[in-house]
Amino acid sequence: MTRRGSIRQGAKGYLLTFPAFAFLAVFFVGPLIVNLLESFKDDEGGITFAQYARALGDAYYLEVLGDTIALSLVVTIASLLLGYPLAIAIARSRGALKSFLIFLVVTPLLINVVVRTFGWMVIFGRSGFLNSILKFLELDTITLTGTWTGIAIAMVQVLLPFMVLSIASTLEGIDGELEDAATTLGATPLKTIIHVIFPLSLQGVITGTVLVFALSIGSFVTVMLMGTNSTMVLPLLVYQQLNLASDWPFAAALGNILIFVVLIATALQLSLSRKGARR
Amino acid sequence: MKIRSRPGSLMVCYLAVISVFLLLPQLIVVVVAFSEASFVSFPPPGYSTKWMVRVLSDPSFMKPLWNSVVLGLSASILAAALALPASIAIVRHSFRGARVIQNFLLSPLSMPALILAIAMLFFLSDIGLGNTYAGLLFGHVVIVLPYLVRTIVAVYSGADPRIEEAAYTLGAKPLSTFWFVTLPMLRPAIFAGGMFAFLVSFDEVAIALLLSNASSITLPVSILTYLTYNYDPAVAAISVIKMIIVVLALLALERFYGLQNLTMQSR
Amino acid sequence: MSNSDAGNRIGHLSIKGLSKSYGDTNALSDVSIEVQAGEFLALLGPSGCGKTTLLRSIAGLLETDRGEVAIDGKRVNDTPPWKRDISVVFQSYALFPHMNVRDNLAFGLRMKKSPKSQVDKRISDTLKLVRMEDYKERYPSQLSGGQQQRVALARAIVVQPRILLLDEPLAALDAKLRGSVQREIRQLQSKLGITTILVTHDQSEAMSMADRIAVMDSGNIVQIADPATLYRHPKTAFAAEFVGDINRVSGKMDATSVFAPSIKIADGIAVPFSADRVGDFSEGDPVLLMVRPETVRISRTAAEGFHLAGVVDDIILIGDRINIYATCADTTFKVVKLTGSPEAEMFHPGENIFVSWDRADSLVFAE
């Protein structure tokens, strides 16, 4: 009777998940498969690796790929360094301060990337906020719009909340008494953070790092609006291949390379968190 | 410990800098929206509401705004209808592969949206949905579905299964139990997840950029295209209107769910 | 409560050969119990003994592998929980969080389609019974643990179930509250006369509330008896140790003659026990000897006949009682005396003493 019961439970489970499952199978997995097939298709309908050979054999495309990964790494590391103390502050504060800090992190998430990038354009523009201040201080003006530095700063602001939220949610789960124990055993606050808190929050750090990396490697709006011809990233290149050159198979191949990079990052995350969990 | 009870002075400095960093772009946009000048500069030479008035009466912004609201609502409702039974099954019916299915339903989160958009473009034209509203809508359902699944699963996992059992022993059949007990218990989660989904769709650029057409163009896309050709306070003004809508939605969310619960579950 | 019709609804429960296993573990193996109409039965055992599994299968929340559950002579194995007329008070109370107290009580009445005219009155009467009539409009989150517990109880009895199941209902209450709530539930049960089954791991709770106690151990019912019998004549070492405090000594069956049966423990000392416990033992069998601490006598001079010589280790005052620990024949014995009694005052740690007990108080079990 048990067996019958559990089979019935199982059937019900599959039945209830079926609509969502089927929907994603068609409209999420389906497109990715079509995309994959498209990238291997040659003019006669046969199979070819020409698109990939073209993408990975050309110095320009390789440089763009390299720039994209480098930019994403810089943005990710900067987000981690800037975000970690904020995550600690959120996890350890109470009351109004905590509410304010959460507001601080969540609000940017809900303001469109386009709008925030526009804000940075105003800040970094030739007669923008930053230069007004520099002029007021009688310093040389600088133009960050169109530079990797400007783009990276804007992207860190866009992606920082994801890092902070990932780390903060792990830190919230750490027993506050552990810190007290470390302190009573003679550890200074900094040492407590390095030897007790950081190792315990590693899971959140890994999640946040991979999330920010994946998001930044796929983002194009900031570069599209703030960049110039010398600042090109892969997603934007894919978009241009599609829109301007209408070269679908090549766009598909470039897109799959990008997905491949994200998959490697995700696989790295999985193996790292397994290692972390084993300790 | 110090940072726990009272932040040190170093921490205060850091928090001040990071607050400015995180909030400045949005604040700048708000100020520029009320600029008097016909070009973007900061600080503006004077203040007026002329850009706000212009944008509010400009159908090339108002139409996309309306499109975004409609698209966000329809995508959220459709995704909720798919996510609710799936989430309930994942939490309560311990069937083989429930965990795998849950991860699958969350997987669109980790896909670069632009690449997904390109893939959908190929796919939709292959199955005859190219350049249709349904294509755009389904694309957004794919994107927002994980948010609903995550919220509902998180809330329902925390609910005591004995509550439904109590309903059974008090004479409620499974359907009555679902209708009078489970659904009301999950209402805040559905609402919060739906609101979250709406905000994600409302803000989504990549899929809308490739799958929308002249009549279904969304607000973020119209701002993006406007910005590639123009650089004037109109963009700031429409952005402020968008922010107001988002803040209102957020206040509603806070009322029903509590902001603190929005911190992501690290699973 | 207007339980004019309650009399004929009180259920008689009969369980025959009920079995349930999860993989290799037997949660229930061939369990049979009869619970008389109006009786208060406690299922007592450590966690994992199967008592909650048994309760859930009575309620119909769990399907069993074999055996029969019958209420008033009717087999209910295939009756779903919503048709069984059995109410449950859960350990977590499981109140509907989105309903106030009144609606929590009304839920069952509505589901069972009670006449609308009666609903309000029955809710009021039941809330009065548990002294919660002033909290009708409150939501569960606005109530204390004790108040939630009463509402859960009220919600269970307002539908006038044939059987009331209590699943560790007091576990979440603090110790001070527990005693008074135990008495309240007991009084309520005898007033309403509902057949009640209490699941608990707390022997004092079972002893103070139930008419009969079924002791369970790894899926089996070890013994069913009224509290006094269970305490004085436990059938197994498990039951003896689970109900109340007890001293245990390993030994060998020495003499099985019905005239002077005895057990040999360390140092070759023979401990007498009463003839009705000789049972199936034969000489040389390894056995466990158990003695309740309050039946052990302690003195400075050796008693006539059986006694053990030893030394006082420790004396601990526990409010109304004093525990004296003494080592005799390589075993630590616990002796309990009332605070203020002459025996309680006269000993000191390190002192040489003698302990003894009546042969009738020697409990003997197979090792």
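Letters A, B and C mark the chains as written, and numbering starts fresh at 1 in each.
Simple rule for what comes next: a residue touches a chain if its C-beta (ideal position, glycine included) is under 8 Å from a C-beta of that chain, and two chains touch if they have at least 3 such contacts.
Since this is a predicted model, take the numbers as computed values, not measurements.
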Q: Using mean Cα positions, find the chain sitting nearest the overall protein centre.
A: B
Q) What is the chain whose Cα centre is as far as it gets from that of chain C? A) A
Q) In whole angstrom, what separates the CA-based centres of chain A and chain C? A) 58
Q. Centre to centre, by mean C-alpha position, how many angstrom separate chain A and chain B?
A. 17
Q | Residues of chain A defined as touching chain B within the complex | A | 9-17, 19-21, 23-24, 27-28, 30-32, 34-35, 38, 82, 85-86, 88-89, 92-93, 97-99, 101-108, 110-123, 125, 127-129, 132, 154, 157, 160-161, 165-166, 168-170, 172, 176, 179-180, 183, 189, 192, 203-204, 207, 211, 214, 217-218, 220-221, 224-225, 235, 238-239, 242, 248, 251-252, 255-256, 258-259, 262, 266
Q | Touch list for chain C against partner chain B, complex | A | 59-61, 80-84, 86-88, 90, 92, 94-98, 107-108, 111-112, 155, 159
Q | Of all residues in chain B, those that touch chain A in their complex | A | 1-4, 7, 11, 14-15, 18-19, 21-29, 32, 40-43, 81-83, 85-86, 88-90, 93-96, 98, 101, 104-105, 107-108, 110-116, 118-124, 126-127, 138-139, 141-142, 145, 149, 199, 203, 205-206, 209-210, 220, 223-224, 227-228, 231, 235-236, 239, 242-243, 246-247, 250, 259-260, 262-266
**Q.** chain B residues touching chain C - in the complex, by the definition given at the top
**A.** 160, 162-163, 165-173, 176, 180-181, 184-185, 187
